[in-house]
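Paired with chain B in one complex and with chain C in the other, chain A is shared by the two complexes that follow.
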Partner chain A sequence: MIEYIFSLIIITSIWTLLAQSYNLSFGLTGLFNLGHIIFYGIGAYTAAILNTRYGIGFFPNLIFAALVSGAFAAFFGLLTLRLSGHYLAIATLGAAMIATVVATNWVSLTNGPLGIRGIEEPEFFGKIIQADSLEFVVLMLIIVVFCNFLLYKIFNSPFGRIQRAIKDDEIAVRAVGKNTFAAKSWSLILSAAFAGIAGCLYTHYRLFLDPSIFALPEIIILILMVVVGGRGNFKGAILGTILVIIIGELPRFIGFPDNIIGATRNLLFAALLIGTMFTRPQGLFTFFTEKE
Partner chain B sequence: MSELVAQLIWNGLVTGALIALVALGLTLIYGIAGFIQFAHGEIVALGAYNFMVFHKLMGWEIIPAVGISVLIMIIIGLILERFFFRPVREKDPMIPLVISIGLSIGLQAIILIFFGPNILTISDKTHASISIFGDKILATPSQIIAIISAVILMIGLGVFLKKSKIGKYLRAVASNREVAQVFGMNIDNSMKWIFGIGAGMAALAGIFLGFEQNLEPLMGVHISVKAFSAVILGAVGSIRGAIIGAFLIGLTESLLVGMGVIPSGFTSAIPFVILIGMLLLRPEGLFGNRFESLRR
Partner chain C sequence: MLKIQELSKKFGGVHAVEKFSFEIKPNHITGLIGPNGAGKTTAFNLITNFLPRDKGEVFYKEELIKKSSAYKLVKKGIARTFQQIRIFPELTVKENLLLAMSHDYDNWWNSFGNIDENLEEERIMELLKEVNLEKYLEEKAGNLSYGQSKLLEILRVVATNADLILLDEPAAGVNPTMLRIVEKLILGLKEKGKTLLVIEHNMPFLMGISDEIIVMESGKFLCQDLPEKVQKDPKVLEAYLGG
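Let's look at the complex of A and B:
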């Protein structure tokens, strides 16, 4: 039982970081990027490949995952950020589909659908930290809280305010002499770097990685977390993640048969997403920001 | 060699016709309601499952089964419009888009709960292939009917939009909703029309697709993502663009994979590679208007 609670805390913290990183590009800057999961997957694959082939440990991998994801986002931004609105959404959704296909078929790099096994657990001064142990929970919480702190600083910096302005009216921001393309690119790069870190955490927790990390349902869960919390709302994304994870675990407790647990969960997610859009499209947790 | 090419072109045309049926609904909805309907693929899948229930499980003949499935899906399309999209019509286009994403996963879950994750087939009988065009091409009867009915529907839709009174209403609403409203046009009615037409064509596409492949809960997603690409490829809101985009995707996919240029594992990436490549060269789409795309 205690292991189950630990695993839940670890999963929630990884998703919190991922949702918060998505909240930067999707929520704050307003880029409707349906391909954010690519950056998570690239971070995860970077960590898995570096670890299994070159023996690079967990802590350096955090940095490598962030760098590789961020660099990829710079390239991705060049391709897609000239687009806006629905065009951006479909092009990035397509990019996520391409990522699945590449991860499945580039067998020499990713080992294809069989996935990568034998990833090592994090090692801290010679002590191996087992998954689902208290040490692992503490490690995750420290990293995720630290990253969230950095993101909080970004949200409330002058850079963050430019992003918020771009979401409201990009042409006006351009008119006052800001380079909106560069600003949007940096938002995407930073958001990808944090997603890469989340991917690295996931890899070293699960110790197994296959192309299903890029799957469409994951993107929808991510959108759900940010939208439920309120786009661009920092605390909202955290609460949204926790709420979504709790709701996702409910069908298991109510005792639905195993074969429809996944479907029941998706039905609940759909109801939550649609319900939020109907009643509070700014997010369920708007009471934090209404003072501003 | 020429037989192979001819066969591949035929297969590409069949895929293209199915994508076009889905894409037409999407582009109409985008043009008039102003958002991309992500749950459109689930209407395709539900259409196929409906047909399977009536035809295989209840033993109806093909034509009445097609009729009732299309009718049910039109009603479902109207219900979605009335209860999910109408209340948020005047709001930020983000909101109906996100709602349609929610509907998409919700409907998939419903299919999974009712029919299970197992792969089903639409009919136990295998239809014999017949040779057409001087023995060069093997085609099944359902493929021939699919292409013929897709062409009839495309022309019919074009004529309907150009000539009929309701078609003129729809085009007026698409070009400027406020002005159309000022002139006394009923926006609710035009929404009913496009969601009904879109759902009907999607259901038909689903039935034809069911003859080509197995039924599985994600079948709608696979074809609708291709249809999204077709719509964007040809410029959103454009009927001609969506049709040409659909056939372009169907043919490229079939030819590139069939000729062995690209390994078959990469098939599902092809529409998006074309799409992203095209967006870089011509962001407004093949038939788009540069001014329109900037004004967005």
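Let's look at the complex of A and C:
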């Protein structure tokens, strides 16, 4: 039981970071980017490849994952950020599908559908920190809280103000002399860098990685977490993530047969999303975070 | 101050603006009028690079303004408002103005930090007091009335410190009390040395504040003269009233 609780805390932490990173570009800036999972996957693959081929450990990998994901986002932004709204959504969704195809077929790099095994657990001053141990939970929490702190500073900085203004009216932001393309690019790059870190955490926790990390349902869950929390609402993304994970675990507790747990979970997620859109499209957790 | 030469723009087969030329003097308020569809707002969009021009040249302080991104013009000293109000409804009144005046943040690295904004806040309060909006400092801009939103949009342009201000229908839909505030604000800007180009359909208002009037018809320049002369010009009367 304790291992299950630890595992739940670790998964929630990783998703919290991923959702908060998405909340920066999708929630704060208003970029309807359906390809955010690509940055998570790139971070995960960067860590897995560097670890298994070059022996690079968990801590340097956090930085490499952020850098590689951020660099890819800069390139991705050049291609897509001239688009807006639905056009951006379709283009980025297409990119997410391409990422799955690349990860599946570039076998020499990713080992294809068989995935990458043999990823090492984090090592801290010579001590291996085993997944699902209390030390691992503490390590994850420290990293995720630190990253969320940095994101909080970004959300509440003048940079964050420009992003909120872009979500309101991009043309008006240009009319006050701000380079909106650069602002949106930075939002995407930072958002991708934190997603890359989340991907690195995932890799060094699961110790196995395959192309399913780019799967479409992951994007839907990510959108759900941010929308339920309230787009652009910092605390909301954390609470939204926790709520979605708890709801996702409910069928297991209620005692549903294993073969329908997945389908039931999807039904609950769909109901939550539709319910939120109908009752509180601004997010369920804006009651006590209205000031943000 | 601002010189426009043979500005042209076509949408499909329609000439929205055709060989439109004029010049405005510094520290003057110049009105730009014309019937609906004359191309006034399109001309504004072309001057400020919100629309790419097909032909023509724009000179500001003798410098040729190239076809580039609209945001760069604000740094050169040209700022504008829009026909449809464009404020940031989810930002507070203070944040709306901070966004316009925060040139330190053009260095992106600075923009991530906590910058002391006390000096800007003092200036914001001065601006808001001019139009009696000081009590709305921390209010979300989306909660302001239509007239207050108009004032905020004009204040935001003022906050950019631009020397040339283009106002697109600042009096449209504004009640008489608010109109007097708009008038006082515009005249106050002239007193501070600013140059203004104003599109407006409220003729008594515009004729009362303008030093000169430019008239457009069907995308073309019709005339440019003192307000009292323009009002009696037969070409202008014909353009407005038809044959």
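By definition in this document, the second predicted complex is superposed on the first by the 289 of 292 C-alpha atoms of A that agree within 3 Å, B and C clash if a C-alpha of one lies under 4 Å from a C-alpha of the other, contacts with A are read in each partner's own complex, and residues count from 1 in each chain.
By definition in this document, contacts are C-beta pairs under 8 Å (C-beta built on N, C-alpha and C of every residue); 3 or more make two chains touch, one makes a residue touch a chain.
Model, not experiment: these values are computed from the prediction.
A simple residue count on chain A separates chain B from chain C, and the partner touching more is B. In the superposed pair of complexes, A:Ala91 makes contact with chain B only, with no contact to chain C.
Judged by the touch definition given at the top, the superposed model places A:Lys235 against neither chain B nor chain C. In the superposition on chain A, A:Asn105 makes contact with chain B only, while chain C stays out of contact range. Once the two complexes are laid over each other on the shared chain, residue contacts for A:Arg206 go to neither chain B nor chain C.
Of the two partner chains placed by superposition, A:Arg280 touches none, neither chain B nor chain C.
In the superposition on chain A, A:Arg174 makes contact with chain C only, not with chain B.
Shared interface residues of chain A (contacting chain B in one complex, chain C in the other): none. Residue ranges on chain A touching chain C, taken from their complex, read 153-154, 157-159, 161-162, 164-165, 167-169, 171-182, 186. By the touch rule above, chain A contacts chain B in their complex via residues 32, 79-80, 82-87, 89-91, 93-95, 97-98, 100-102, 104-105, 216-217, 220, 223, 227, 259-260, 262-267, 269-271, 273-274, 277-278, 281. On the chain C side of its complex with chain A, the touching residues are 48, 50, 69-75, 79-82, 86-91, 95, 98-100, 102-103, 105, 108, 110-115, 156, 159-160.
Listing the residues of chain B that touch chain A in their complex gives 30, 35-36, 84, 87-88, 91-95, 97-99, 101-106, 108-110, 112-113, 116-117, 221, 225, 228-229, 231-232, 236, 263, 265-266, 268-269, 271-273, 275-276, 279-280, 283, 293, 296.
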